[in-house]
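In order of appearance the chains are A, B, C and D, and numbering begins at 1 in each one.
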């Protein structure tokens, strides 16, 4: 990678930019929680982070978290409550955006974290949904974070754990999901966004040091260019300072 | 009344006797909460009292309560929570008995606290259900406390706020209520209990100083004798001591 | 973050409109924001829908003052006094004007607010079967349980989404992060279901005080639109750890509101002639002081340290 | 009242049967009663149905030891490590034996437990529409909302009623009245839904300590059948105010459980060769001491005095 930041640091900062000020965001663990922290310290000082264990936070936790239930995430939380209360906000349309990861995502943004090969002819058993299916179904905008490899970005997932655009077009609305859908897929190479009538994921932004050809070669379908395609801006010094203030131990620096 | 206790004190002690040890009981305000205290101090040391404001108590409150939300009922409660949690136990069949009062009760134990004359031709607007409809529908056994007058104990209430036996027989089960029904109606003259195939209220126990004839004259239907009819035993010294320990100011003594 | 601190007058004027669906207190008999009840009356709000399982005499006062268009509740009266005389007059004689009642039980109302809070399309309830509440309020629909082969009627209750929920709380920061303890009634459900929340705080504290105990936060601060610093805003109802109930006030109201003239005189004395809640506190003087809880029975310490 | 204090061994032997539907920890990654997980393995319980949204590596350990007949959950793995190797082996190769999975999401499982807790006949959910979870678990039934004229599919989820729910709590009295704080996950719903509750208490306190703060009581003591005094019963998971997470333990488990032999060696070392949880504490020694939270960040005082 280009000097000064790691790929993961770039992904975190690209994710942070997807959070708007004042939004209520389901953050989850690993990169997203750090992204939330960067957003709070830069352009989104009024964003609120939710965790399905039953936590809302303004300020990110002061110490490294291995799970969202770890003591630093409890200390000085804005709200400690139950899963029902927090995920109920999601079902009530009170959550603006949610982050999830995944093992497999397809061109309509559907994500599989349950059964590679489908549940009838399972090849690999993955851990399952956790809260991902709920966040994908019920947040106003879904932000997915993935590693960009052809066996991960596939034409059609074998099992939909977390619905994106389903079969594209109005199929998500027809299934009964009243709002939401994929906002952006942030990978280690690029950012994909839905475009066109069927909402297929298009190549929206190419990270520094990567090329459109290379990104497409690492995608399991014929990835088309977004009309507003751009280069992902380099992290700014302000963004990097915010990230370093949160990731004091340099966990994401390697 | 006979010397040594008031009518209300007798009603409290008769009500206390209906609580079994270890039972979870919706107690509500006024006489029942005092009855619960007497039961705890005498034959039911493991009874638990529930209040729909979101309180469970072992020991009755130490001071006089005007409402179940009053500070003495919060202090040293066994559980402070919400209405959902406590009434959810009721719906889940986890509550053994519940006390309610009422303005009108009929021969099948249905109680009206909403509209005298029915909601279409209302003569008098009463405050409404509060939690009474729920306690009547969902506790395993309903205990009603009433003043015994012919316009209160009527053949058929004009509006069923809180279901007793509905039209008698299996009509309560047919309406979808899976358990419960009237256990006893404790009045200032007697105790009525359901009997026979249709579960009509019968004269079960006559309070000291009252007669069967007098009780029947004060009942709005042709009140029949329960085959196990008895005299309500006088309060024992142990019961009176327990009552005095709770009602230190003699609120119920007059 | 921006401070949400405003006066009670501003909160009621700025965030509550005629016709709004309003929760004024949701813990049944405690922490009812009577200061807001009085201010709604002074500002002459009209056609409010009053949503609450029980809110002691607050609803009766608003009905008598002509502020209420409808009641969505389980019980309206005066808890220690008995009947609500204004409620009776409105229902029986249309004085000061007719009133619509959406009958609920405490449980079906709690469930309806829960459905609103958690975005549920409806909520199935096993209460109210056999009760005429399903007759007088057709929003309680009896249907066959679709998962059961055998006959199994259930009542489907629609979600309730109040426009505004107003709460008295013992302490809040200026951003609307607040603590509440004691019995909770339907406070959490009402706050999460409501489109906006107004807090009347007995005390305004530093954010660090609230953050020290996130379990005493019952609903998140981002739901709160306005915070008014108003000691004894729940007077004459009690508030756990802060204020006892003024039983005499409720009884006096009960006696004086027996007839319309008595109610109007009461209203003039206790509400209309008071400029604001500070004036009421001044009028009460020593009587209010005596209701303040002065004893100490502190919760056992709970540690949130992470190291 | 009668004391419910027993040893962990007695609690597991006396209150949990083969085939039981069991909640072992319900706050996702914190306060998972691993001491009970280990004791269930030592006692060779079989055909358990493990109910939990997420219970970090606890389910994976029980699956590998042959104790689990089925999983009713949303996620099985190792939160900081990733995949659950025993889960994969059981599902992909039937080692040590095949496993049934009842797929849920965190929300649909929370809702199912809530339905169990509150005696609801079913609960309607707007999640899972479009997800194949409704395909792999037919207990999630898609039906038209009966209150809507327009097409409005909803998922009806059945109530879950666990036989036993086991929780690690920071403090309890001998009657099962306990405090719990921090994030609650589905602790309340699981406890209220379960037929019986077993507590592993870090500390046994006087009843007055619990009674001093009834809001930290998450479920009533009358649901509790047994209380075992077992410090660090949640090890290696964290418990708010008491214990940090032992990340190295989870990572070591993750590495060693990659193959069956490695898992069996791990199991022998950490579970089967330990007589009880006291033996495990002794084996951990200083490592456990270092996880104990020694700092102090106390909740702001809350007064419950009534005068």
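By our rule, contacts are C-beta pairs under 8 Å (C-beta built on N, C-alpha and C of every residue); 3 or more make two chains touch, one makes a residue touch a chain.
Quick caveat, the model's predicted, so the values are computed rather than measured.
Peer 1: Which other chains touch chain A while also touching chain D?
Peer 2: Under the touch definition, chain A and chain D have C as mutual neighbours.
Peer 1: Average the CA atoms of each chain to get its centre, and name the chain whose centre is farthest from that of chain A.
Peer 2: Result for max centroid distance from chain A is chain B.
Peer 1: Express in whole angstrom the distance between the two chain centres, defined as the mean CA positions of chain A and chain C.
Peer 2: Chain centres of chain A and chain C, defined by C-alpha means, are spaced 39 Å apart.
Peer 1: Rounded to a whole Å, what is the gap between the Cα centroids of chain C and chain D?
Peer 2: 36
Peer 1: Could you give the separation in Å between the centres of chain A and chain B, each centre being the mean of its C-alpha atoms?
Peer 2: Computed value for the inter-centroid distance: 56 Å.
Peer 1: Residues of chain A that contact two or more other chains, please.
Peer 2: 55, 70-71, 74-77, 80-81, 84, 90-91, 138
Peer 1: Quick check: what residues of chain D touch more than one other chain, meaning two or more?
Peer 2: 119-120, 125-126, 152, 154, 181-182, 188, 212, 215, 240-241, 244, 293, 297, 304-307, in rising order.
Peer 1: Make each chain a node and each touching pair an edge, then name the shape: line, ring, star, complete, other.
Peer 2: other
Peer 1: Could you run through all the chain pairs that touch each other?
Peer 2: All touching pairs, sorted by chain label, are A-C, A-D, B-C, B-D, C-D.
Peer 1: Under the touch definition given earlier, write down the residues of chain B that touch chain D in their complex.
Peer 2: These residues of chain B touch chain D: 24, 45-46, 48, 55-56, 58, 61-63, 70-72, 74-81, 84-85, 88-94, 138.
Peer 1: So in the complex, which bits of chain D are touching chain B?
Peer 2: Those in contact with chain B are residues 1-2, 116-120, 177, 188, 192-193, 208, 211-212, 214-215, 217, 219-222, 304-307.
Peer 1: Residues of chain A touching chain D in their complex?
Peer 2: Those residues of chain A that touch chain D are 29, 51-55, 66-71, 73-77, 80-84, 87, 90-91, 114-115, 118-119, 122-134, 136-138, 159-163, 166, 171-172, 175-178.
Peer 1: What residues on chain D touch chain C, complex-wise?
Peer 2: 119-126, 141, 143, 145-148, 152, 154, 156, 158, 179, 181-182, 205, 209-210, 212-213, 215-216, 240-242, 244, 293-307
Peer 1: Across the complex, what residues on chain C touch chain B?
Peer 2: Where chain C meets chain B, its residues are 27-31, 53-54, 56, 73-77, 79-80, 82-84, 87-88, 91-92, 103-108, 110-111, 114, 125-133, 135-136, 142, 151-154, 181-189, 237-238, 240-241, 244-245, 247, 250, 293, 297.
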